[in-house]
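Below, chain A partners chain B and then partners chain C, in two separate complexes.
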Partner chain A sequence: MTTDALISPGVTGGQGLWSRLMSGKTGPVLVIVMAIIAIWYFSAVMLNSPFQKEIYKRNSVEWTTSQLISDTLSQERPVLPAPDQVVVELYKTTILKKVTSKRSLVYHSWITLSTTLLGFIIGTVLGILLAVGIVHNRSLDKSLMPWIISSQTIPILAIAPMIIVVLNAIGIQGILPKAFIATYLSFFPITVGIVKGLRSPEVIHLDLMRTYNASNWDLFWKLRWPSSVPYLFTGMKVAIATSLVGAIVGELPTGAVEGLGARLLAGSYYGQTIQIWSALIAAALLAAGLVSLVGISNKVVLKKMGMAQ
Partner chain B sequence: MLQSTAINTNGNATGVAEGTKQGTTGQAEKMDTNGMSPETGTSSQEQSANSVINIKGLSLTFETNDGPVHALSDIDLTINQGDFVSFIGPSGCGKTTLLRAVADLEQPTGGELWVNGVSAQQARLNRDYGYVFQAPALYPWRTIAGNISLPLEVMGIPKSERQDRIARNMELVNLSGFDKKYPWQLSGGMQQRASIARALSFDPELLLMDEPFGALDEIVRDHLNEQLLRLWDKTDKTVLFVTHSIPEAVFLSSKIVVMSPRPGRIYDVIDCNLPRDRGLDIREAPEFLEIAHRVREGLKEGHSYDD
Partner chain C sequence: MISFRQSLAILSGVLSILALFFPLGELNGEAVSLWSDSGLTAFAIVSMLASVAVLLNRLKGLKADLVLVILPHVGAWMLLSRLDVADQHLASGFWCLVVSSWLMAWLLVDQLSAKKTKTPTAKRFYSIVVPVLFGVWLLLLWELVVRGLQIPTVLLPPPSMIGARFMASTDILWADFQQTFLKAVLIGYILGCGSAFIIAILIDRSPFLQRGLLPIGNLVSALPIIGVAPIMVMWFGFDWHSKAAVVIIMTFFPMLVNTVAGLSITSSIEKDMMKTYAASYWQSLIKLRLPSALPFVFNALKINSTLAMIGAIVAEFFGTPIVGMGFRISTEVGRMNVDMVWAEIAVAALAGTAFYGIMVVIERACTFWHPSFRSSR
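Moving on to the complex of A and B:
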């Protein structure tokens, strides 16, 4: 009912404005965002009040409801921090800190971003190579595909430490082991997408190449590859997000001091919930940014290819 | 079974064993008997001296889930260098299948098929023909010029000559100025003209055209009919042309093959030797109308048992 109260100004603002707002794209999104924020505040009060009441009792303080609400929303280590607390923390750790500082969220985001991108690039190349092999070789299709699929059923949290430890043992350290975990998660959607794309040409387009007695090389570069570009981008949109997940997971077992994963881990060690949530928000923003970047390049490339209408 | 005996007798008469020909069951039997009659080899080669297409007892059956479909049955046909042959008949009588068999896009299940004196497969490998599909089949990521350039690139023709040929053939089908457009920016008729330009671009001696003008309006169609006739007259190309239109068939052809369905077979072959320098106005001449009448009668009788 809190939600109703919050969105009611829009409703009373007039039916015309309301329907105009809802017919566009921003209107519905705005309503959802506001609803989420309202639910968030409401939950913060509910979850934090037991501890707050405990304090009141211990210090024998008389309290009113409004006092309780304002106190639950400003605890130092709340169960659930209020949105404004997270915003303030984000502000403090981005704008107010030098980007080179270990306490800057921008610095940690950059560490995670670079791992994500490296893992994504390796994953894309690997994914494409696997797909090309699978499409052109029946026995590769039969032998590789089950492994590729089962690789994705293993929980990444279970094998991430092993990858890190094994690679460390053979002297590979730093960004690469983390990037490999990102690769592990990101090559799969690429492979699946490209396999589908390389097999997507219509029969009549294949027949045309047959009448020219085209080589497999030409068949690939002049037909199969261009046909699979839209599928590549669909795969990349998923892969960039899973790559970010992989990069964060890759930061956990190293006891790392850098990256959003390290911030999450350190935050949970010391009960710094506000820090955890601001790292989560940063990760979400990073993911949204990366996915829309892939989306934009998708549009640009398809337009360049003449396929966007 | 009745068909396969027909194939065998046919095969015995003039068959030539050739390694490149793919061994379907019908052909395997043919090759066995072939060894016993050595003189047959020469007879086939004599035929291939001036004939471009040699078809004997050809049949093609599709195995489908609903049982076999006899798309072609016992087809005999010889097409000479410089012939313009139209195939006309109701839908499903196997016109497309026949053209695709000649192009080595379908494998016959029996009989013989020679293209330029070699197997259909070898002819395809030699890039002996240009094929115009029923649909334009343009690549959406290539411009119109890029699409026409496709066979030239595949066949390794140098860039400067490519540009020459693209321009020439775009002019031929009245598409000059559209070279930088993408297929979706053009009407269906223009796309089909682009696909014709693409087939002509590498200047094949043999043209296989499957209802190329089916989707075009009357005026464009008339224009392209004239262009095609002039091109054929000038170049001595051999054309196999599928159409639904009787006037189009009579106007263009030196030979009209009337086909009938279920199973697909040749009902009539009509010679059609109108003067080579004919214009569209010949369509009112009595000899034109006479041939058109015979085609229409053939079509009627060919499938009187349904629709």
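Moving on to the complex of A and C:
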């Protein structure tokens, strides 16, 4: 998963702007985004019109095509809300509402974000510790690694309600149970990445360290750890995205109290499609922001370490 | 300098000595020492002797294998049967023995993973036995801790109870498996991966679409797509169709991105060779580019096998008919039937692992020529 979409090269102007735009990535991406929006509008009209026609029939109103289109795009509970409706809802629930209000999407996003980050941090630490254990201990490598891999083939999200109920019962409440689910999903890419990274130094480098009479400790801090940093960031990019998924799903069984997952669940209970879509878009923006943040820190750190390509 | 093996032996030995002096537990309010249980006393003494032998490097090779295979497992069996004594409260001596036998098992794992094997069959054998041992001990410790500390079964049932429930309710589990896996997951998986594969081949002819779709596909793969579940349930109803729709959307983008990336992996020298053979577009696609894209395609298929399971189960949290794995989990949690939940989780885990495993087997059969499989010798 790359962040190319987010950090696409800016076009500096000058001659042949159009062809330069279209030969890079920006132009095609823009065209496809426009196409998606057009398709979205079209399907909104198609999906919402049966219900609208029903209303016309019941009220015996004469209708024209243009009126039908404008009505289908401004229903209160549409099957598929139009993009502008979602944008308006997003604007209303972020800018116009106070941040502390229970109806503010910023508030719910913050709840989800804090769970995501806590889960991600615990997952990263756990992932690194496991990887160090695996690289330095033969029996852990042979016995634990297969289980770590198969742990991810288990649909852990199925256990989410279980974990939350059990932890609630022993008195752990609030953010931690949700963060555990995010942790479970996020430690795996980190462990796999770092194990690969810690083993990435070539034999010639290891031999050089040995000629310096380096201890295992030095070998780790001066050679293995620095060379695993690029792998750590690759893992972290995947991990933060899965951590967000874990946080959202973790909010479902708590009974739709707070967070983006709760907004999704509440929206589906009450048929508030616009609310679902705006929560979805907010989650997508959150994911894109987090992934690009990791991407940027990756570039900065690698540059500081002199490893940038 | 003490090796890892020796430190394991020291710890195990010290713990089995301590077990001889600490109280084993309380029976009807009276303290009981280990000496009253002759089996466990014998186990503590033998494991102490074995640790000393390992420490002094007297126990090596086949003899060590034999001792370490028998000793900790007989010990674990005795500890397990000790749990059946009624009205007892287990104390430090018991737990010393539990940890001691666990360390013994670790010694065995350490010894087995250090084996230098000559034949590939033996290598394969050890690569299976070692993780299996790890799993068995995980279950053993789970059983010992949960029953020994008398943790309420509502919180965490012991594996034996889950196994009993699994056996007793195979018909319900089978119905849920059918609903969730055979209908929602498989159909969604096939449709999602298939359509993404076809679209990837179609957009392969247009570099413009490729440049535009790849960044978007990459972005979408990182998004929490699981969130469309409530919308799909609203559109397609409560039955498996809505779950299949979620699975289609979740599996689509990883497959698209990977196939497009795989199709662009062929080097120009290979394409040039196809051109010198006067191969048409379709000929070079089928004979050259699709085969070399296969590792990428299988990568997506493996990722998607997990995603599909997650998608179907989570979508069931948003509304289902009264059957299905996600439905069963969320309702049985509410009714505090935790053993049933764990049985369902076991089914999900088995199905997920088997699904992934099948993909790995097919991958090996189709991409045996790839360096990552050849260099495994």
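Here is the rule we use: the second predicted complex is superposed on the first by the 286 of 309 C-alpha atoms of A that agree within 3 Å, B and C clash if a C-alpha of one lies under 4 Å from a C-alpha of the other, contacts with A are read in each partner's own complex, and residues count from 1 in each chain.
Throughout what follows, a contact is a pair of C-beta atoms (placed from the backbone, for glycine too) under 8 Å apart; a residue touches a chain by one contact, two chains touch by 3 or more.
Computed from a predicted model, the values in this text were never measured in an experiment.
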Touched partner set for A:Asn213, first chain B, second chain C, both or neither: first
First (chain B), second (chain C), both or neither touched by A:Ile181: neither
Chain B or chain C, by number of chain A residues touched: C
First, second, both or neither for A:Ala169, with chain B first and chain C second: second
Which of chain B and chain C A:Ile190 touches, first, second, both or neither: neither
Which superposed partner A:Ala287 touches (first chain B, second chain C, both, neither): second
Touched partner set for A:His205, first chain B, second chain C, both or neither: first
Residue ranges of chain B touching chain A (in the complex, touch as defined): 103-105, 124-127, 129-131, 133, 135, 137, 139-143, 150-151, 153-155, 182, 184
Interfacial residue positions of chain A with respect to chain B in the complex: 202, 204-205, 207-215, 218, 222-223, 226, 229, 305-307, 309
Interface residues, chain A side, partner chain C - complex: 1-6, 8, 22, 24-25, 27-29, 31-33, 79, 137-139, 141-147, 150, 152-159, 161-162, 165-166, 169-170, 237-238, 241, 244-245, 248-249, 252-253, 260-261, 264-265, 267-268, 271, 273, 276-277, 279-280, 283-284, 287-288, 291
Of chain C, residues touching chain A in the complex: 4, 106, 109-110, 112-114, 126-127, 130-131, 133-135, 154-156, 208-209, 211-216, 218-219, 221-224, 226-231, 233-235, 305-306, 309-310, 313-314, 317-319, 325-326, 329-330, 333, 338, 341-342, 344-345, 348-349, 352-353, 355-356
